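Quick one: the structure is below, questions incoming.
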């Protein structure tokens, strides 16, 4: 039992639950500010007026044309990508934490991202081989490779989420050590698979793609990929938001949710599919970016409570903000070079995760709950 | 290609080539352009042509000459930041084919800046044509000719030296890193840059059953039984003196020719860059091989 | 089957549940009748919880039928079912920092959202279990017994009122102290008196004798005896089922089971 002073502190923190509307409004404005800040940050010197000029319909002078291109064609795609990836990873993290009923379930940690990586590497290395064997035309091969990559990544992610789920859920309760150990095992297997494929099958060109992308990067994408990614993220977002009440009930336990009238099979299937789709698509285009799905939902829960009605939409916005901001640092810290975003998220997220673990052990000595 | 008399000692030839190299790098041509070079070989070519003072930024793989390391870095050749390149306000970009990611490549092409795309240099012909291309653009044909001659000198000398090795062509294995207790080594098979270099140095590749760089176990090393082992070294990658020593001391490898005859040599990893020092590199490798071709005759 | 007789009843007939080669329940009948408080007792492994879970529809049965108002339970919409029957589980593992209010209001899930109404019902339920002055405090920092009371409140909030409702409780007093054990039975009786059908799984025979209007005694998945407490919980049956010699002692109208000190455990 906590000491009386600890209890009052925690209770005081809980009393003021902010209203949904004001929080979402605030986060949206914050996001907009960050987007503008990001549009104005980078190796090339720009000012806010350059940013505004880019998006107005006036004819740019030749001098500012370069800056316009930098803003609209180099920075903007990345910002949109950061937005989508941040939202997707946070939402997937929140959903998985609801499914496993544990705040430690992060897509990269428990191995979902590795599943996506296995699928993606398979696509990168094997699809060209298949295209040649089937003697496909250049155009068809291109299309197959463009769509095959995210599709295979998503299949990998879905398959793996299912495996993790079966292994770590025992009689309706999440066995947390099993979940985390499964993650370790899956991540190891994923790494080994990627290593094997890379060593035996990959050409130099493919090797380059794979090596950099395992660290997570927002720089490898173009508008085409961003649009495809957008599809695979925005649609799941809308589906997920409708499950907020059901997920609250689910947190009590699968049996309890059933008694409350929740269609538990449907919820489970939806959550697994949607999280895996979002994570798989993200991994396909940006590699493995870890810890976002762990840290951001935790921050939202700490500030606003675990009610999914607020957690899901606020998490989406805060996740987008987090990654847009992280992207700014990735692009400016080592200017004129760039830091890969996966490195940044790991540097900050890793210690954060350790701190969470340590804190949870002291609050509740029986189990890894927070 | 010039053919030098084989009667001149190889040491003398080596000195001729090396001093010509030094002389060239001290001449700074006046090129009034801001150049960004991406890819070690591209940077080296520009510096070797004497236009080093015009290079305003390079990438992390540009480690030679030492002056290049002092320049602002726009990323590693496989992960270039287009905005970083732009922020250097370049008039000209010279990049090797290794530049990535693909979106960066497309973005750079889309911008209204002169770009020279060099191939991912892996043969002497590619090196020579790259030197010509760059020199034409920078109007440094004189320097280019001298450089080309120097490269050809080294290659020709190497070929001459090894021309009478017909019966005793040494088999050479190049390792990116030596095999250790728990890790295999990485060997250069057919169709790799190491293979080409071994060829230019007059040897034959002991690793002739696979292509590209692949892991090589102790057992396959014994099976290949090379006469000479070359281990790549650099500040951060490749074999260290300790790991090479450990490999030599491994009992399982004691019957391998190269180890029996003490023919394990470290070489700079940079040798694989196929930059303007190619002539010197080929000749140096050739000299290492020559010692053992001669020994075998006795 | 005469449908008018079964209106308002939740009936389980001939329930058989098998898992692999093991039979958890064999041809057990159970009936929840409005206004009655029934108790299921039996030794460990008797199948009490299994029976409860089968009745709620959570556990699929291999043989037998469960009907509500004469309709098979599988054919009734989940949400409609949830509005009429609620189940308080033995343990709850909630690992997220909800407030008491939030946990209880999750019980409103089957009902269409109505913030004002939901709020009032939630508060009433929390008041009923004696936690209303702490309603906005964190759930995670409560003791085991307090958490159970919160879930009881949730279940009450789910059902709203006793009439035409089915309240199922699985060993609800396990982690509660004497005061709150009493509270649970008071609520259960109050609801039964007001028209709810209440079914409680207990392991304490004293409580069963005290509160039950009808007792179902199970052992090893089989129905041993069913009926009024006095006819089921006889000393002879207790000995044959539990392997323990005991005597009922009457004092001031209460019955107390005194267990013999020397027993042979079979």
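General remarks:
Here the chain labels run A, B and C in written order, and each chain numbers its own residues starting at 1.
The rule we apply is simple: a residue touches a chain if its C-beta (ideal position, glycine included) is under 8 Å from a C-beta of that chain, and two chains touch if they have at least 3 such contacts.
All of these numbers come straight from a predicted model, not from anything done at the bench.
Counting only chains that touch, the fewest steps needed to get from subunit B to subunit C is 2. Chain centres computed from CA atoms place B at the largest separation from subunit C. Work out the mean CA point of subunit B and of subunit C, and you get 80 Å between them. Computed from the mean C-alpha positions, the centre of subunit A lies at a distance of 41 Å from the centre of subunit B.
Distance from the subunit A centre to the subunit C centre is 43 Å, each centre being the mean of its Cα atoms.
Across the complex, subunit C meets subunit A through its residues 53, 56-58, 78-83, 85-87, 89, 92-99, 102-103, 106-107, 109-110, 136-138, 140-141, 143, 158. On the side of subunit A, the complex with subunit C involves touching residues 1-2, 7, 10-11, 14-15, 17, 101-103, 173, 245-246, 248-249, 251-253, 255-256, 258-263, 301-302, 305-307, 363-364, 367, 369-370.
Those residues of subunit A that touch subunit B in the complex are listed here as 42-45, 66, 69-70, 73-75, 199, 204, 208-209, 211-212, 217, 219-222, 331, 335-338, 340.
Across the interface of their complex, subunit A is touched by residues 57, 60, 72-76, 78-79, 81-88, 98, 100-104, 106-107, 110-112, 212, 214-215 of subunit B.
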